[in-house]
Amino acid sequence: MTAAAALAKNRYFPTAIGISSFVAFIALVELLIRVGVINRFIVPMPSDVIAAFPRVIVEEHVLQRFLLTAGEAFSASILVTIFGVAGGVLLYRYHLLRLATETWVAAVAAAPLVLMYPLYLVIFGRSALTIVMMGFTAGLAPIVLKTLEGLLATRRVLINVGKSFNLTSSQQFWKILFPAALPTIFVGLRLGLIFALINIVGVEFLINFGGLGQLINELAERYDLAGTYAAICFVILVSICVFILMERLERWLRPVD
Amino acid sequence: MAETGRLRLPAARPLGLPLRPVTALRIAIIVAVVVIWEAVSASGWLYRDVVPSLVAIGKALYATLSDPTFYFHLGTTAYEIGIAMVIGGLSGLAVGILLGGSKFMSRAYEAYLYYLGPCPKIIFFPIMIMWFGVGPGSKVAMGAISCFFPVALNVAGGMREIDKVLIRVGKSFRANTWQMVTKIYLPAMRHPVINGARLGLGVALIGTLLAETKLSNRGIGFLVIQAYSIFNMPQMYALLIILFVIAIGANTLIGRVGGLDDIKRS
Amino acid sequence: MAAVPSERIDAGTLKVASANAILTVDDIVKRFETPDGVLTAVDHVSLSVAPGEFVGVIGPSGCGKSTLFNVIGGLLDGYDGTVKVAGERVRGPHPAIGMIFQEESTFPWRNVIDNVAFPLEIAGLPRSERYDRARHFVKLVGLDGFERRYPAELSGGMRQRVSMARTLAAQPKILLMDEPFASLDEQTRLLLGDKVLQIQQQLKQTTLLITHNITEAVQLSDRVVVMTYRPGKVKRMVEIRLPRPRTSEIVSSEAFGRYVAQIWSDLREEASRGLDDEESRKLHEGEKR
């Protein structure tokens, strides 16, 4: 096999191509700006953006902001997990209630809830509470629905095994139904948490309050172009890291699949 | 005499009321909500008129729907979302087909889409304003990038789910790319495409409207913020209600047209 | 060679009583309401099982044997007749009756040892005792070494063995099995049948096996009950006088072949009735559209 063919067969080759094409793209943009083809007042030079990173991190107290956003996300996550899973269990347990409200919950899940933020501003003021509540509202419905789905999908035979061992209702729920539903519940939690996070950062940006979202807004209003781009990149990085973390967590908690 | 068992659960039986229990419960819930709402509203317990009387909201609703300028704003928003979906949807479709059809491309580039997907796109708005101005252009851009990701990802996934034998059939008849796409890929991917469109609509709606709330002088988002700024709460509620009805309706419509469950979030 | 003895049962109630029967199923009638009218799944079925006995119940598809399984196990109610364990009437799942189901029933979120220890956990046994006992049963079904593995890492046959060990760990007086090997291939079935024979002989476990596989029924049972197509009645009881202890090698013996032939001749009649019934139903369904 020639060296080129061997390289092409390497399992990291596609990923490497992806990364290098991305880098090449950035380099091209840099070149086009320097040459003047792209207006430097609309797109800052990538080199400037990279240079702005350390400045932004230090001057804009990125760590504090990150912690603030993280704190909001954490509070929203706890709330939404408790109420979401409890809601799903409730709907599972009370057949009639589920029949009556399931379509409503699905409808709520499809609605652009984040547009209620001005309403929350009025109710909770321009504060972290608005942001947390917005995250909570956005993440709730998917968790309820997925919890319900997971519980309903428990295979009949597993329920029968429980019955054959004469389990009480409570044992049946905790030892069979809930563990069986857990993978689906985690999918719901991941979805819910992501929606919550998106809404949290988004609302921070919109109401110009909070941590990372607010940082972008502020830098933009100051016309700090390179800084704005740097902040956006930073938020993207953080969001990617959180997402990867959640996936790892999910995989770790579900050894069987 | 042996008792008889039932093989299936009986459908909801009348309780001796003219209503099925499910309907009765729904009505009970709605009535309870209405009563509690009005009570809170009348008591003035939440300050600053945060919970206006349903009558006031009703009046605002009526006023809004009979106001011609409302329809101007509605039209603007609809137009922005429409174009955003066309741009975002078509590019998402193209990219999705490319990524889904080639293992190489998928391994090289799909990760970027996958990890960028859950980012809040509104943070790109300042850039969109710089590139496309403060008018509808930046709103359309927001809607389009929001819409692009779910469509691309769903289509890529859908491509991979297509039964390989169908692709071989197409190739054996020497179909060209366009024919492969229109006669094999798209029909085979009906479900992922519709689902992607639904999700895409949902996020395009959000992206466009949020952009309007942030910086605009027209559109529904603008109206919502305007109501907020002059503290016209009944008006804000009315606008939100209209918005949610439209959003849920559109979601259901796409689903029905595509033959799927009524409302799916993911 | 002597003719193979059997007992012909009249359509009607009959108790083959042993004074010390540990399981007595007496005159069970179970009907279901369906859109097409009332269906009698089990029609006056009686049988009894002595301690340590292995009884196989065989019948064509649709003969009500799974219904019988669910009735005896207590998962179905609303039937006429009684089920008695050691003289005591039973209604509902009973600790003396252990059930092994046809479908895949291991808990995918627990590993092998945790699966098997499940009934002991429910019974409140302390941890170390639980695991000691569970390990014993894991070994019994031949899965020692696999304690920490998860069901997803095991084959279908191994998973059924885990389910078996789990039920056995509860040490039920009576083991009730509903086509536990239905989803496995023939060779695995024969080998697992060996395992079951081994275990049953070692534990002297009273067992009632529901199956549609004649080879399996004859290989494992002391007595085979042949059921009719629905409404399910007992058609014939066949004493299997093959030597014990047995292994799967017995399937190649002449006596084995004769038992199978005899049971098949009874079964074939019922099975073809079932097939005709099925076909005419499908025809009617098609016409309705």
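Residue numbering begins at 1 within each chain, and the chains themselves are lettered A, B and C in the order written.
The rule is simple: a residue touches a chain if its C-beta (ideal position, glycine included) is under 8 Å from a C-beta of that chain, and two chains touch if they have at least 3 such contacts.
Please read these numbers as outputs of a predicted model, since none were measured by experiment.
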{"item": "Pair of chains joined by more contacts [C-beta pairs], A-C or A-B", "value": "A-B"}
{"item": "Label of the chain whose CA centroid is most distant from the centroid of chain B", "value": "C"}
{"item": "Inter-chain centre distance, chain A versus chain C - centres from mean C-alpha coordinates, in Å", "value": "50"}
{"item": "Separation of chain A from chain B, taking each centre as the mean of its C-alpha atoms, in whole Å", "value": "18"}
{"item": "Per-residue multi-chain contacts in chain B, two or more chains", "value": "none"}
{"item": "Complex contact set, residues of chain C against chain A", "value": "73-75, 92-95, 97-99, 101-105, 107-110, 118-119, 121-122, 150-152, 163, 167, 170"}
{"item": "Complex contacts: residues of chain A adjacent to chain C", "value": "155-158, 160-161, 163-167, 171, 175-176, 179-180, 182, 255-257"}
{"item": "Contact footprint of chain B on chain A as seen in their complex", "value": "14-15, 17-18, 21-22, 42-43, 96-97, 99-101, 103, 106-107, 109-112, 114-119, 121-123, 141-142, 145, 191, 194, 197-199, 201-202, 205-206, 213, 216-217, 220, 225, 228-229, 232, 235-236, 239-240, 243-244"}
{"item": "In the complex, chain B residues that touch chain A", "value": "12, 21-22, 25-26, 29, 46, 48, 50, 103-109, 111-112, 115-116, 118-120, 122-127, 130-131, 202, 205-206, 209-210, 213-214, 221, 224-225, 227-228, 231, 233, 236-237, 240, 243-244, 247-248, 251, 262-266"}
